[in-house]
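Two complexes follow with subunit A in common, the first pairing it with subunit B and the second with subunit C.
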Partner chain A sequence: MQDKIVITGIGVLSSIGIGKDAFWQALQEGKSGVKPVTLFDTSKLKVKMGAEISDFNPGAILGEKGLRNLDRATKLLLCAGKLALDDAKLEITEENSTSFGISIGTTLGSLWSISEFDKSALRDGPHFVNPAEFPNTVINSPPSQLAIRLKSKGPCATISSGFTSSLDAIKYGIDLIRNKRAQIVLGGGVEEFCEQTYLGFYKVNFLAGVKGPELNCPFDQRRNGIIFGEGSAILVLESEESAKKRGANIYARILGFGTYFYPYAINKYEPQGYGLKKAMRLALDDASVAPFEVDYISAAANSTRDADIIETGAVKDLWGAKAGKVAISATKSMLGETFSASGVLAAVATTGSIQKGFIPATLNYKEKDSSCDLDYVANSARKAKINKALVNAFGPSGSNSCMVIGE
Partner chain B sequence: MSRRVAVTGLGVVSSIGIGKDEFWKNLIQGKTGISKVESFNPAPYGRSFGGEVKNFDPLKFMLNREVKRTGRASQLAIAAAELTLTDAKIESSMLDPDKSAVLIGTTMGETSVFEIVNKAWFEKGLEEVEPFMVGRTTANLLSVNLGIHLKIGGINLVIPTACAAGNYAIGYGYDLIKEGRVDFAICGGADAFSRIAFTGFARLYAMSPDICQPFDKNRKGMLVGEGAAILILEPLEKAKERGATIYAEILGYGLSCDASHMTIPSEDGITRCMQNALKETGVSPEEVNYISAHGTGTVQNDLNECAAIKNVLGEATKKVAASSIKSMLGHCMGAASGIEAISCCLAVSEDIMPPTINYQTPDPDCDIDCVPNEARRAKVNIALNNAYAFGGNNSCVVFKKYAG
Partner chain C sequence: MSQTKTVENEIKEIIAQILEADPAKITLEARFVEDLGMDSMMALEIVAAIEKKYKITIPEEELMKLASLGNVIEITKRYLNK
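Take a look at the complex of A and B:
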């Protein structure tokens, strides 16, 4: 990556903390966001757990005005945007509004709204739907509402690529800056916790607890599926030059990015992990970083059997005999699988690692799996100086993305 | 690296034709694709017309087992991609996965499957919903299904920026080719006819009871349509080397966000978007010959679009033609700007401007030359493709005639 893009602001809402300081603190302490689901009834289901943001009070962050008619995903994203701009000490004004861009990854962010809108039409008849709720049914609704809220008048983009959405959105945002379509970009992602999404993952047998104990334990022998979670995070991205000019605090630098789709099958992991290896290699090449220079890998491992083996295999493939030396951990052991938001949450976590000098733990690691035998930073965080780190995101339908972040 | 970007393949599935030749022939004849809605019973909506693609047989483009595991939007996209590859004389084996991108814009994603799932869930309960159906509902599957069908790896994204999505996908494809990151971009938009979109537009009173009449004083609103359009973009030099047909060159594009209202387009936002497009491409207002207008046929859209065109082109507005092919197709959501991009490519390569049909009564507030009712033979060197969206996500792509 020729132009130097830096992170100068962070806004994050997660099941383990709201705001970057609380989030980083919780990661360091190894706090888990997984608890019994409260947002809807699970009594008739085999599964009961989720990683909800239980203390979410959008009014406290945004003020009470203008929130009526907005769905949860949108409110989560608006809060992340507000926190990120405040953190970056930025204000969007009439004069600078066109220099801001927005690029957000979400795939199911509008699912609840789409479903409820349609159900209302099916139940009461099409004349009785609430017209104010129709705009929430488009997938680009949360990012567009963010633009409206902030009066951000540059490009506003939405990316849907499933598990890799928010990393892909960050890359799209970086391209907006490099192609001079925007000077500062709010890049990130959002996914909300709702019955439709939860039951959807349940129905396709993706949740832990359907075929084994309801545990969130990446790389552990007992793993049998994901615990679904929610979250929203936004990074303020700009060129190093722009950041220095305005005297911004720089948290980290984005050194490289790689993405590789491997055509295989819908909702099935390709067992060789060809696409993930390729994405990691592309990212390292883009960053001009050799594998041995990487201090930490923020894994996409989500406690499904196949994904964690594939990721372990990819690290072994790239690191060879040194694979055992690199620290790998799965923040999803604390945050659950937040789908489209997972990439940016991992990026925020890794920025915390660089800033605070720690590697977050992989929680609930107890029983070793012979095919997952690397250093997963089991159960408690580790002090370490992180100069360069890799953030992985990948999913079963073939999408793989990887970002290199550095000091 | 900065490379020139050529459009070398056009594939379209629309209510007035499948494949670019049939589409273009009907487009310049001013044929309408609007008919009575058949995919569901429209009676309770008080509106009954739309732009469904009625003679689409997915089995002509894919295997039966693929048809079973994909929704209609994916099928439309796959068909359009097959058509565009044939048109460009490209075998999928020519597509180096390290140098290819599949980029699909959409509004509603895989809505036909979702609507079946949601209805079954609501009416019969979750137990009655087929798990494999649930797994087929997400929007990201449009590009995934296309990638799997063509066995193309590489960059693969869905850009769901609502009704400007096709343009966003084409624009990003342009960026990737220009920078040398890929040598082939397979990009465009797809949307299936949607009960949910129909419900929403009917309820917003934005939908016409019969015909779509962009820029007409008595225009009564938009109509929902469906379709898919996929373009192939290549570096101009490489396209020349392989002897490809070059329909048009893409000079660049402009984006903006209204940041004002989710559903009402703003004159300011559209103006800035077109200005950005001209600024990036170095095209002056006097050089613009043709605009494929967003032209939905709603009072607000057409008013704001005409005002924006005048803001941007000034005096040169008098010499420019701006027609809306939505008068024939209805609004094909995320596919719309992809289909309109194909129309722009053919306009610059053939020197023909497609008409705005159903134009009867001039509106003094929309006093632009909308190529009323009949296609026009005229030199088209530069064409702009305007597309706006819910959320105020505006886009404008600039096409130029390729003279060899």
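Take a look at the complex of A and C:
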């Protein structure tokens, strides 16, 4: 019998709030993190909007020392780690350091650092690059820096599976606990707001505002692309037994997980959603939960033409005639598309739903698309008792993951 | 004389920034590792910053000797004058 895994601590930094209380409050109020980009110049682009964390002050959370050479993604993750450990009332000491694991999803985190490092080499010559900037150029830098800062000596992993990274990292963390390689795991993800990623998405016409209005409106007829966002979050994961033994506060239980990689074409969503349907079925089977028992689906829908209709189709496939009865909402309508961090941010949001008894709204839903005709909890949050929920993540390069969370 | 004083202050500033230490604590004799908490990455960064600022190259065999502000000033001046 597999260990039951629970969430006993939460650290979150998002464009709508820092810290779980502010985050959950903002979700209930339907606050949007989307605003004009300030971190770099967008004057030469057709698009101007993004979901940055405008009030990010790492020194306030971490103290000022030791942050000088760390990039934004790393600082976001370190902050999430500190908030999560404090929330779980845990301290990593010399005695317990080998019992902690770290498993973080991040994919694009080092793009800015690589770009800066290369610019130095081109501008000043290769001999004059700053060696202290080099560690940031590898994708495993944020979780590694977290382990270094926390002096955590257990397993440390970086999962880079694109859109599903942070959900996949949580699963990896769950497996670490079940395989007795760690007692407590900090599982989550991070993605920073950076110019290179923004330009990349812009050039492949993935951003809203290139082929239509610059709106963040999942499931809406006017949707035409994502609004890019950033965020980081960490869940403190442990077995229910471990949590009860130390008298920890349990926020939610992870009931099941499913993942299915279905290759189709790079940067193109597979139109039938075969992989997503499989991932959702596998998750529900793993949790021994039937579709009718699910109170809420935290959708991965991100205001692209394809993703939103594919996810709608997947729900119809699994729920059949009852598809219109299950509440679905897209927190990306508030947070933007945070890529690798999206899964864990949705998991934190859904944990808030369970704790506080509400379903966050899908914002900006005004014009109905006849092919997206389910209950999307349009525009305002809804009071509801959430016993069991699904958290989806999938992307246009084959990865699909789904997690079932419950009370 | 005044050129030496400027170089000494510039180097002190670089080191203070990299070590995130109070400049008053960076005396000529204070040991970077034992007294000021320098780690190996900071050591590399100090060398890189000095090489870049003064357009000099400090050979590998000298790096071990950079244990205090006094050492760094002496070696920098030596390579500046080469």
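Observations on the structure shown:
To be clear about the criterion, the second predicted complex is superposed on the first by the 406 of 407 C-alpha atoms of A that agree within 3 Å, B and C clash if a C-alpha of one lies under 4 Å from a C-alpha of the other, contacts with A are read in each partner's own complex, and residues count from 1 in each chain.
We take it that a residue touches a chain if its C-beta (ideal position, glycine included) is under 8 Å from a C-beta of that chain, and two chains touch if they have at least 3 such contacts.
Every value quoted in this text rests on a predicted model; they were computed, and no experiment measured them.
Taking subunit B and subunit C in turn and counting the residues of subunit A each one touches, the greater count comes from B.
When the shared chain is aligned, subunit C comes close enough to touch A:66, but subunit B does not. Residue contacts after overlaying the shared chain place A:143 against subunit B, while subunit C stays out of touching range. Using the contact criterion defined above for the overlaid structures, shared-chain residue A:213 touches neither subunit B nor subunit C, since it reaches no partner.
By the touch criterion defined above, A:131 reaches both subunit B and subunit C.
In the superposed model, A:324 makes contact with neither subunit B nor subunit C. In the superposition on chain A, A:357 makes contact with neither subunit B nor subunit C. When the two structures are aligned on the shared chain, A:271 is found in touch with neither subunit B nor subunit C.
Residues 127, 129, 131, 135 of subunit A lie in contact with subunit B in one complex and with subunit C in the other. On the subunit A side of its complex with subunit C, the touching residues are 64-66, 68-69, 124, 127-132, 135.
Only residues 17-18, 20, 41-42, 44-45, 48-49, 51-52, 57 of subunit C touch subunit A when the two sit together in their complex.
Interface residues of subunit A, counted against subunit B in their complex, comprise 97-98, 102, 107-108, 114-115, 117-119, 121-123, 125-127, 129, 131, 134-135, 137-141, 143-145, 147-148, 150-162, 165, 168, 172, 175, 179, 181, 199-200, 203-205, 259-267, 275, 278, 397-399.
Of all residues in subunit B, those touching subunit A in their complex are 44-46, 69, 97, 102, 106-109, 114-115, 118-119, 122-123, 126, 129, 131-132, 134-141, 143-145, 147-148, 150-162, 168, 172, 175, 195-196, 198-200, 202-204, 255-263, 269, 272, 276, 389-393.
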